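Chain lettering (A, B, C and D) follows the sequence in which the chains are written, and residue indices restart at 1 in each chain.
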Amino acid sequence: MNPIAAKQPRDMNKSSKVTRAFLLKLELRSHPTLLCVIRGALQPLVEMLGFSAEHNREIIRAVDEAVANIMRHSYQGRLDQPIEVYCNRLQRRTNGEIEQGVEVLLFDCGPAVDTTKLEARPLDEVRPGGLGLHIIRGSMDTVQYKRAGRLNRLRLVKYARTSKGECGSAEEKPS
Amino acid sequence: MNPIAAKQPRDMNKSSKVTRAFLLKLELRSHPTLLCVIRGALQPLVEMLGFSAEHNREIIRAVDEAVANIMRHSYQGRLDQPIEVYCNRLQRRTNGEIEQGVEVLLFDCGPAVDTTKLEARPLDEVRPGGLGLHIIRGSMDTVQYKRAGRLNRLRLVKYARTSKGECGSAEEKPS
Amino acid sequence: MKISARRVETATILDVSGNIDMSNSPEVRKALLREIREKGVTRVALNLTGVAYIDSSGVASLVEGLKASRESGSRFVLFGLSDSAREVLKISRLLKLFEVYDDETQAIAP
Amino acid sequence: MKISARRVETATILDVSGNIDMSNSPEVRKALLREIREKGVTRVALNLTGVAYIDSSGVASLVEGLKASRESGSRFVLFGLSDSAREVLKISRLLKLFEVYDDETQAIAP
């Protein structure tokens, strides 16, 4: 019945150094009151993975904004459309150190995303709206939109920096 | 791949006065560290349905205990077995008043539950353990164990009392 | 999410509790604009002490509040920001645009 | 979940924060039994102020603590219970069995 259910992503095991473990799948409808349910489930999940409190908030924020965009743009405000959220734990080995990561995959059945419209607007102009993509891209290491059959797939990945990286990321970014 | 995925329950639309709306489905493995993820998702969900704070806590507690029992008894502590949680919103009309309710369905692939063992122990003996079923039954209006094909299904239902009922339930139960 | 207004001399304090996201940011926007456009109000202070999370639609409501206050010649200030609220304003490059205070006393000081 | 012990004269206070459920109740049990069986400790007070949720496996750990304290002739007391913690003890008919105090001062008062 649910067109999404059969389409579990099988194309992500290519990268040889990354191991992936299934953590959680959420299925819900495109009703904005359910955004808090996604945040509620993800918060303890990413906490478990050893991210810093700030990185936790970035991941939650990115997923929340991405799901809000599906509700608003992909489904144009319709409240009863299916959304699926997969959370996987990633591990990769870089320079002998193991990095923990999280991968969130979002699926919707809306029309194909027009990727030319996926433009984060310049922030020097002060006006409401147009901040979502900016937040998503600023929060995650990887943000990939892809058409997968009749579905849109958004792939979000973030790794917890190793102790070395942790120092680096604590520095203020120039703004 | 997942034997549960195809088995969405279809046998619950018999009762004519009750309407049911899908709210959320969660899929996870039988790892106790994921209990907090279920609680995190359910908390804002039941809050939305207009239950009192105390009833919210009862629902969360019943689901948490029921999932813990699946992990402990149905899967005997194995950490990688599938569990599915469906949440539906219920509405029923009693004496002209509409009551909001929640239905939580839990599925696992363990061996058939031996229903003769589903005995909440008497509480007059003080010893650790054996409290889960007591808590589940004391928290929900309906607690139904059922074998559904190769799956165990536990159905939990609770209605928010109407204003009249609310008064009644505020009374201390004799203990 | 709950939002309510109280008056302290010529300032209005809007207390919000709960999270602000796409499901309720229109309510926040409405309450903000109503108070900011109210006659005789020189300052509207948004109390975010009880708000753990604000998404970009919530931020958009705050920007609308700011614009309305500039039009009406009043001040719109924020206080009690959580780490998360501060971060979302920062990443949106809006943190410096808002008057942000730690607490109510500072927010309504003359 | 985090648990740590501090000593106040001959009492030990165990501070817990986070939720207690099947994933970590064995840790709570272990810490409780260790402190209760410690020589010279006359009272162990479990500080549940930072614990919103306890499940039945957490309650089982508390019951084990109580039994151990009876064996060793010391006192085991609880304080800072959330509504949820109080409810789960009540539904398990154990609330009256435990010495429960509102705060630390009462919990370690002679």
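Definition applied: contacts are C-beta pairs under 8 Å (C-beta built on N, C-alpha and C of every residue); 3 or more make two chains touch, one makes a residue touch a chain.
From a predicted model like this one, the values you see are computed outputs, not experimental measurements.
Between the contact lists of chain A and chain D, the overlap consists of B. With steps allowed only between chains in touch, the distance from chain A over to chain C comes to 1.
As a whole-number value, the distance joining the C-alpha centres of chain C and chain D reads 42 Å. One inter-chain figure worth recording: chain B and chain D are separated by 28 Å, centre to centre, where each centre is the mean of the chain's CA atoms. Separation between the centroids of chain B and chain C, computed from CA atoms only, is 40 Å. Of all residues in chain C, none touches 2 or more other chains.
Across the assembly, chain B contributes 33, 36, 39 as residues in contact with two or more other chains.
A list of each chain pair in contact follows: A-B, A-C, B-D. In the complex of the two chains, the chain B residues touching chain A come out as 1, 5, 8, 22-29, 33-34, 36-45, 48.
Residues of chain A touching chain C in their complex: 31-33, 35-36, 39, 53-54, 57-58, 60-61, 64-65, 68, 71-72, 123-124, 126-129, 131-132, 134-135, 138-139, 175. Residues 19, 21-23, 53, 55-57, 59-61, 63-64, 66, 83-84, 87-88, 90-94, 97 of chain D are the ones that touch chain B when the two sit in their complex.
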